[in-house]
Structures are given as C-alpha cells and as structure tokens.
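Each of the two complexes below includes chain A, the first together with chain B, the second together with chain C.
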Partner chain A sequence: MSEDITDHPITTPNGTTAEAALPSIADVEAVFRSPARVPDPRTILTVLLIINATVLASTAQIVAYAALLLAVICLYTVRPRYGLIALAIAALGTGLALAGQAWPTPVLAFLGVIGHWTARFTATAAFAVYALTAIRPSVLVASLRAARFPRFVIVPITVIFRMFPTILREAGAVRDAMTLRGLHPGPLPFVAHPIRTGELLIVPLLSSVIRSGDELTAAALVRGLGRPERPTSVFALRFSIADVILGLAGAGLIVLALTTGESVA
Partner chain B sequence: MSLTARDLISVGIFTALYFAITFIFAMAGFLGPLVMFAGFGVGIILNGIVVALFVVRTPKLGALTLLGGINGVLLILSGQTWLVVPAGLICGFLADLIITRGDASRLSRRIPWAYAVLAVTSVVPLLPIAFDSQAYFETTAEQMGQAYADAFAALMQAWVLPAWTLISFVLGLVGGHLGVRSSRKHFERAGLV
Partner chain C sequence: MKAGGITLEGAGFTYGSVSALAQLAAADTAAEAGADIADIDLDIAPGSAVLLCGPSGSGKTILLRLLGGLAPQLHPGTVAGTVTVSEQEMPGLDVHRVVEVAAIVFQNPRTQFFTTDVAGELAFGLENQGMERPEILERIRSAIAVTGIAGLLDRRLDSLSGGQLQLVACTAALAQRPGVVLFDEPSGNLSPASIDLLATVLRGLKDAGHTLVIAEHRLAYLDGIIDRAVLLADGHVSEDLPADRFFSLTDEQRRARGLRRLQAPTVGHVRPTAEAPPAPDDGDGDGLVIEDLTFSYGRTLVTDIPHMEFHRGTITALTGPNGAGKSTLARLICGLAKQDSGTIRLDGKVLRPRARNRASSMVMQDVGRQLFGDTVTADITMGLSATEREALDLPALLEATGLTGLDDRHPQSLSGGQRQRVAIAATAARHAPICLFDEPTSGLGFAHLLGIGAQMRALADRGAVVIVITHDDELITEVADAVITLTPPHPRKG
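== the complex of A and B ==
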C-alpha cells in the first residue's frame, strides 16, 4: 500500500540511451514480485466471484466443502496462520451443524443453523482475505488498467486503497484527542449512547479525512491520475503456472456446483 | 454535468469512509445475531453523515451509483454475496435520481429520502442466509419433524427480510436527517462544503 510505483527510478522513458542503466527483467521481477508464486489479480478476482456465487447459491454441501478446501489452501500459501484459523472456524461451524442434525433439540438446531452458515461464509471470507493479502494495490490497479476497466472504476479504487491507512490513522488521532479531553471513547458509552458517541467520533474524523483527501486530490491530479491516456507500469503482468492451477480449481468448482444439487440464486 | 477526475477521487474517499463505518459496525455481528442487527442499524444512521456531506460536495448523477457499486465490491472482498454489487448500483442510481431531479435549492430536503433508498441495500447480505437456511431446514425436516422445521423456517425468513427492508429505510431517513443537521452544524461552518 505504501510503495508507489511512480517514485521508482526505473520508470525511465523507453529511450535507447537509458537502456544500459535499466536493470534486467529478472531484477524487476525480484523487486516487484513477492517470493511466493502469486497468481495474477484478474485470476484471483475471477475465482473469488466463482466461490462467492457457488457457495452462497448452491445448496449442495460438497460444493461448500470443496470451496472451503480451495480457500484454505490458497490462504495457507500466503499466510499459514490465517489458513489454519479459517480451517478451525469452518470445522467448528460444520461440527455445530452436524451436531444439530444428529441431536435435534431446539437449542442445538438453532446453533446448527448458525454453524452451518458460519462455515459457508468462512469459505468466501477466507478467500477474500487471501485476495486482500496476495494482491498488492499497485499491481491491482495495473491489472485493472490492462483489463481496460473504465476510468470511473479505476480512479476510485486507486484512491480507496490509499485512504484506508489514512482513515485508521485519523481515527486513532480522534480517539487520542477525545481521551485528552476526558471523554474516554470506550465500549461502555457506546452501548449507552451509540448515536451520540458515534457522532462525536465521526464528525471530526470526517473533517480530518476530507482535509487530507483534498490534499490527496491535488497531488493525484498533478501526477496525472484520471488522465484519459493509459499509463505504463513497471509490473510485468503475465499469466503463470499459478494462474493455470487456480483457474482450473475455479472451473472445477463451477462444474461441481452445476452437477450437484439445484442452485437457488 | 459529468463526473470529473476530481469527483472520481472524491467518490473514492467517501466510499472508503462509507465502507469503513459499515464494516466496523457490522463486526459487532460476531457477538450474535441480535447485536448484528443493532450494529447494522447504528452503522446506517451514522453513515447518513458521510452520505449527506458527499452529496453536498458532489451533487452529480452517478456519484451515489458509483458509491453503492464500489461499496458492493468491497463487501464482496469481506465475504458477502455478489448480489450486493447490482443492488448497490440500482439503489445508488435511484438515490442519484432523487438527488439530481428537482429544485437544487431544496437539496437538503431530498437527501434523507435518497439515503433511505441507498440504505435498503443492507438487506441484500441477508439473502443467502435466508436461502441457505431453507436448504438446511429441508435436510433437517426428516429428523426433527416437518412441523417444527416449518415453524422455525417461517420465523427465520418470512418476516425478517421485509421487516429489515422497512427498518433500514426508516433508519436511512433518520440518518439522512442527522447527516443534513451535522452538515449544517459542523461542516458548513468549517468551510468543508
């Protein structure tokens, strides 16, 4: 999120004189690609949509298990601990759902429903976490441009990923300022007066985020964000073996969802 | 009056804020279903402030459509159903029509209604739960008896979705009024409008 491709010296125009100073493709790859083989953002986002559409729409239990397996494996390749946590949550949910079916008392049946859809949402959420950790914002923007998304999609998405850290920082600052004035924005006043406490937090947060947003706007316009021309990128966007594997897994999930059980949405 | 690059950056900033507030209050859902609805409700009301300020700064056709659609994309990234994107686009577009059609001097009267339409999208993430629970009850009906499963299923979905649609609309109206009020009280004085 912090790295900005336009700051890097190797964005020299492709003149022949600069050729000697340019690092080789391998060097660029080493700097801009993470060590783990990560598929192209376009593949990841397509599979994310497939998992979303199949798991939340198909009634077959086998589809949910398959998607869960895929999501946990993918997550494990980038963040092993997150992968195990997702697996544990899904196992707990599935266990509750099975218990609800085995001993149909009212309490267990109710917990079973909750467990059942906890397991399903874990599949989509785990893959979403994988997408968020594996895709780097700059690569995402470059690939959206390569996929010729319109300007009114690319510009807001570019800004959003730059804004989240700002929002977190400013929210922390507002909290500190409230504590200094003895307002203690803890959980207790929030439960007692949720709207008033929220307003006290959000109004200053909005003011400061919008002020820094205005500065961001000026900086981004100077850098040419939103220009009709397509900027070049230092990221080599190529499909690799990882894309083939993930793509085949996604296609397999579609086939599985179509062959087992009727889908409702 | 089309969206300029400046407006698109503004869309990004306000969508980030809108999503952050939605997400933080939806996190309360981990504490249980009832707390989840309370969290949704507080999030809807407080987001009225964000939307009111956004509309006052960018009263153009397409601004709320983009906010709704991109917020949907971010919701997919947090594990929600893909249906939130078309829902966000449609409700955002309707809200845009409410904002841009009519007398510009009476904009603040229309903001609560526009936001109420946008707030109704919060019912969409519940749809798979309703469908999914139905499938679950079909499989449990054999073991638990049809009558019991029917009663439970009816309680779970027959009234929850329409009721939440209505509640989110009303909360949207309240949030919109709160937003217009704080916009006058805080942001106009600070010169942010």
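== the complex of A and C ==
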C-alpha cells in the first residue's frame, strides 16, 4: 500500500478519450524486455554456481578475493547499501584471519579460522542476494521454459518466488499478534520453551498461509495453469553486453582457480 | 466466445463429499461460504450486468463458484439442475478450461496473483493457453485501453495498493477476452477512492460488451452499472429486481433485507468531523493523547501528528486514503513500532512501547493470525494471569459474542465471522484500555457490520478507548462517535 491509486490518473475507459492514452504495441513490448544492464537469469545462475564451486574448492586466497570483488560489484549495482555491508563483513573476516596468522594465540587463531570462512561465504551469500534481487521471476520462468524445463520444475520455482514474501509477511503479523497477547516471541522464551513458542507461531502461520495458498491455487487454475498445451512466454530473452561482462568474469574466476590451484598442488 | 449468456435451471449445490476427509474439508469451506443453494432459475442476457446480493451466508459466494466452475471441482459437493455459461455446461468442466469461458476477479487482491510483476500477471493466463507473442501483446494493449493502467505496467505487484491490484485483476480478466466476467466482492478491501476507480472500470467492461456478474455487499457504487439485482436469501432467489427499482428501495426496505445501504453518503465519503477538541487540561485528561508524534521508515516520514486525542468510552474511526499512515499510527499506538519523537499518554501517563503493548489489544484484519489456542476457551484465556482468569465470566462473554456452544472447537476450524468474534472475545477478556480494530468489516454484510458495531460499543461502554481503522463509510455512520481523517504527512526538512 505504498502509494495511493490516484497517483496514476486513469483515463476514462469509454474508448473516446482512452484512444489518446492507448499505449503502442512497442510500449507494451518494452515492458517484456529486461534492461540491457541486467544479465540474463541463466548467466547469473551459472556464475552463482561458479562462485560457489571456486570459493569452496580452491585453497588460494586470491580466488576468494576475486570472487568477493565480483559479488560485491554485482550487488552494488542493484543494492549499493547491501554491497557495502557485504564488503564490511568480508573485510572484518579477512582482518580476523590476518590477525590470527600474525599472532597465533589460541583465541585469535580460533577467531581467525571463523573470519577466514566468513569472508569466503560472504562472496557466495552476496552473489546469492544479488541473484534474488536482479532476477525477475517472470524472466526466470521464461528462460526455464525456453530451456524446455518440465512443468514440475518451473511451477515450484514460481511458487517459491510468490509465496516466500507472503510467508515472511504473515510470520511478522503473527509475531505482532503474539506481542500484543503477552506471548513474547523474543529470543529468550524461544530458547527456554522452543516447542511451546514454535507451536504458537506455527499454527496461526500455517493456517493463514494455507488459506492464502488455497485462494492462490483457485486463481491460478481458473487462469489456465496446468492446461495441456505447452505454455508460451511473452518475455523476450536476449543476451546483452551485461551477460558478456559477467560471463567473462565468471570464466576468469575459473581460470584463476585452476591456475592458482595447480601452483598450490 | 463472446456469447456470454448465462442460464441456470433448477440449479443447486450442496457442500459435501463421499470421502470422510473431503467431507471435513467441505465442512470447512461451507463454514466459510455459508449455506447451500437450491432451485435457482436465472437467465442472464449477453452483455448485461447483474448484481448478486443478500446477507452473509445467503449463497452468493457458492452461486458465483458454481458459475465460475470452482464448485464442485475445488469445493466438493453435489450439483443439481443445469448451469450453462457461454453455451458451456459448467459443472464437470476441468478447472483449467474455465479460462475459455469466464474470468474471475476475487475479493482478496493479495492472493489472486501468481507472478510478482504487473506485466507477467497480465500475460499469465494467455501464456498458459499457449498463445503466440504478438497476440498476447495486442490483447494486453487493448485491455489496458479499457482499464487505463498503462502507468502500472512496469511495476512490481507488491508495490501496488489494494485498489491498483483490483484494476490489474480486471485488466488480466479482460485480456482473456471472456464472454463473462465474475466478481467475488471486488470492493471488499478497497478505500472509497479506489472503489470509484473500480466503478469506472466496471462501466468500461460493460460498455465493451462483457457480461458481468458481481457478488457484492457494498452496493451504492454499482448504481448506474448494473441492469438488475438478484437478491438471495437462505440459498434461494428471493427477489429479482431491475436496477431502478432496486436502487429506489427505501432505507427501511433495504435494512429489512439485510442489505448495506444503496446510496453513497451525500457529503463526501465520511462525515466531516474535525479532530476532537483539545482537552481542557492536557495533564490528566482521560483517554489517549498523542503529542508531536513522528515516525519514519528509512528517510520517508510516514507519521507526523502534532496533537490527537482518543477518549475513553468513545468509538473513534481512523480513516483516510491509502498511504496516510493509518496502519503505522495503529502500530505506534499499540507499541509495535517505536516513535522517532513525541509522546503517547494514557490518562495522563506517558507510555513507553512495552507498556503500550500491555495496554493494547488489536483485532486484526486477518484474524486467523491471532488465534493461538487449541480451543476457543483456551484462546480467550491465553495470556491471562490467574486472578484475571478467576474474574472472567466466560459463559457470559461467550454469550455476548455469540460463541455459546463453540467453546471446545478449534478456533481455526470456525467460519471467518466466528473467528473474528473469538478475537473480539479475547480482546474483551484482557480488559485492555486501548482496543484497536483494523478494517473489521471488509467483505461483511449488513448484519455482521451491526454485530461488530455492537461489540465495539460494549467495549467502549466499559470505558475502553476504541479505535477502528476503516474505509467503510457505512460502519462509520452506524457506530463511530468521532472521526479522524489522516492525511499523508508533508515531508519536512531535517
């Protein structure tokens, strides 16, 4: 409910004045095309796999730094603040790791190991957040359809994108209701009585999510979800300069991991 | 497929099924939807607009589900007679083939979309039919020409208001080019400004030659749109009136039929009432007093209230356009949000958020979220201290809230109206001095509206500060003692 509907003046829909405001086919088509600065979902998901694989498999520190740099830059393009937060977390982790190497007291060595892995996982986490933010679910579905993925893969993915925010919103509302009933859902009661608190949260949450799910199912079915014919996709898929850049960066990461990996071995 | 005629002969529907499990599920949906229907004869001409109305539980919803092919496929039960929509026999039709015959706009704008952005949603039904790209684009373009939402095309659905979402739903329905568009209480969750827009779009759909069947509780906005009103009572057609006769029913006649009012209030949408006059002494005035309250999300100022009062024993309606900060103010009052600056006092005493949590109770719009007990009794008494339990006269409370005999039921198994009354009973049991109601009458009929009004009055008569956030001007006229209209704050520098 971020803004009132009157922010978007509506033309009178009786055909006479609407003619002036009638968008051209090109206008409509433009909406179904991603801007050139956003890579295709397939590129993003491939690079996500590459970052995960290289950061976890390679022992060379330079690979982790390179992956982190790539992830932070990507995240910065869509959510500058998140990008900086990821950078700060990684810097803290790296700092601890270096301190642990420089002064290997038991405590610092322990913190150093944690810092080392925090920095590495920040790269994958930051890129995953980037993927979730940058990928438009409709475009993802279109690309999966284009790749001829079966329906039993595509529909669950759509539902995850659709229901996840709903579940979070409902959980927040249930938490509010618990607070007002004096059933404080803070961390302490949760640790003290995990099952009791969990039950209080889960039953209303499930009931309201199931209700939403039923309504959603009805709405989707009457609009032809599950029809026998193969669904088409109106979203235009194309590879742009952004895909070239991101793809090259991913390829570079592989090369780096392979070459540094060899030198370590 | 433009045919669009609808014929029902001796049509009926009884919830229920052969299997025990399905029976349980059916009992649940029946509790939601109300009574079964029987012996419905209707003939709706192509291109006409028909209103289905009647009290809650009269059978509007199930009749619409029958027309839309949702019953018996998704809501198990037994069908009698024949139901024909656009020359298609509906009972027994695969649900995914409904798209060829009819489009449905549902009540809840938040749960009728399958994708996350407007453009994807408009294309969804067409893509499912395997339509080619140029045809999809052309259909979306011409649907937008009727509903006028070109400005929303590139938006994400979660950034739209309820009213905007209903217009998107109408556009998606139109792009399917069905003969028939069915509406299940489309104004249920909308503000008066959004209802005006919905009315404009409905008129556009009708002018474009679609057959419209609209099940509704709110009626006034349909004057000039519908050709005919079909009144249902106890699952039967009780009256079938042409629009001019329907809208000239007197106030007494429509009340006797359990209908909401037929004319919009003459002066604006709500009674023009200024904020309550300032208290004579602002030190220990009774009730809730807000001073210089501000609150921002990030850098966006959403609340900026120099002075506002809510008195004990008074029902105050809090209204205003979407984005005016009504929900945020409610969260601030009950301490779910912490103000950036300013004070909230109750009976002269400044309350911090924790204290406001304890002093407040709220009946939420979706009450399913706030029912925690495994029986009605357990839910009502949950969170009460031993002495509070002692003092509680449970049978009287159950009686007053119309829950007698349901005390051992699981709250989540009750109908929507019953669940709401459990939440109200839990509120009453806590004796909280501040009682908030968030849109309690969305999608409810006249009798329920009066019932909720009576519950609020009972709380106020016990001395509580009762605040109701609502768009429902009829609720305001029926029960509110004072009206506060919030407007979005002007951004201030610094």
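Quick notes on this structure:
The criterion applied here is as follows: the second predicted complex is superposed on the first by the 215 of 265 C-alpha atoms of A that agree within 3 Å, B and C clash if a C-alpha of one lies under 4 Å from a C-alpha of the other, contacts with A are read in each partner's own complex, and residues count from 1 in each chain.
Rule of thumb we're sticking to: a residue touches a chain if its C-beta (ideal position, glycine included) is under 8 Å from a C-beta of that chain, and two chains touch if they have at least 3 such contacts.
Predicted model only: the values in this text are computed from it and were never measured.
Residue contacts after overlaying the shared chain place A:G198 against chain B, while chain C stays out of touching range.
Contact with neither chain B nor chain C is seen for A:P150 once the two complexes are overlaid on the shared chain.
In the superposed model, A:L216 makes contact with both chain B and chain C.
In the superposed model, A:Q101 lies in contact with chain B only, and not with chain C. In the superposed pair of complexes, A:D176 makes contact with chain C only, with no contact to chain B. Of the two partner chains placed around the shared chain by superposition, neither chain B nor chain C is touched by A:P187. In the overlay built on the shared chain, the residue A:S208 is in contact with chain C alone; chain B does not reach it. With both structures placed on the common chain, the touch criterion links A:S138 to chain C but leaves chain B unconnected.
Of the two partner chains placed by superposition, chain B and chain C are both touched by A:L225.
Contacts of chain A with chain B, set against its contacts with chain C after fitting on chain A, overlap at residues 158, 203, 205, 207, 211, 216-217, 220-221, 225-227.
On the side of chain A, the complex with chain C involves touching residues 1-6, 8-15, 18-19, 21-25, 27-29, 31-32, 136-138, 141, 158, 161-162, 165-166, 170, 173-174, 176-183, 200, 203-205, 207-208, 211-212, 215-227, 229-235. The part of chain C that touches chain A in the complex is made up of residues 68-70, 74, 95-99, 102-104, 106, 108, 110-117, 119-120, 123-133, 136-138, 140-141, 144-154, 158-164, 167, 172, 176, 191, 193-194, 197, 200-201, 203-204, 207, 321-323, 327, 331, 334-336, 357-358, 360-362, 364, 366, 368-372, 374, 382-383, 412, 426, 430. Chain contact summary for the complex, chain A toward chain B: residues 48-49, 52-53, 56-57, 59, 97, 100-101, 104, 109-110, 112-114, 116-117, 120-121, 124-126, 128, 131-132, 151-153, 155-160, 163-164, 167, 194-195, 198-199, 202-203, 205-207, 209-211, 213, 216-217, 220-221, 225-227, 264-265. Note for the complex: chain B touches chain A at residues 3-6, 8-13, 15-17, 19-21, 33, 38, 42, 45-46, 49-50, 53, 62, 66, 70, 73-74, 76-83, 127-129, 131-136, 139-140, 143-144, 148, 152, 156, 178, 182, 186-187, 190, 192.
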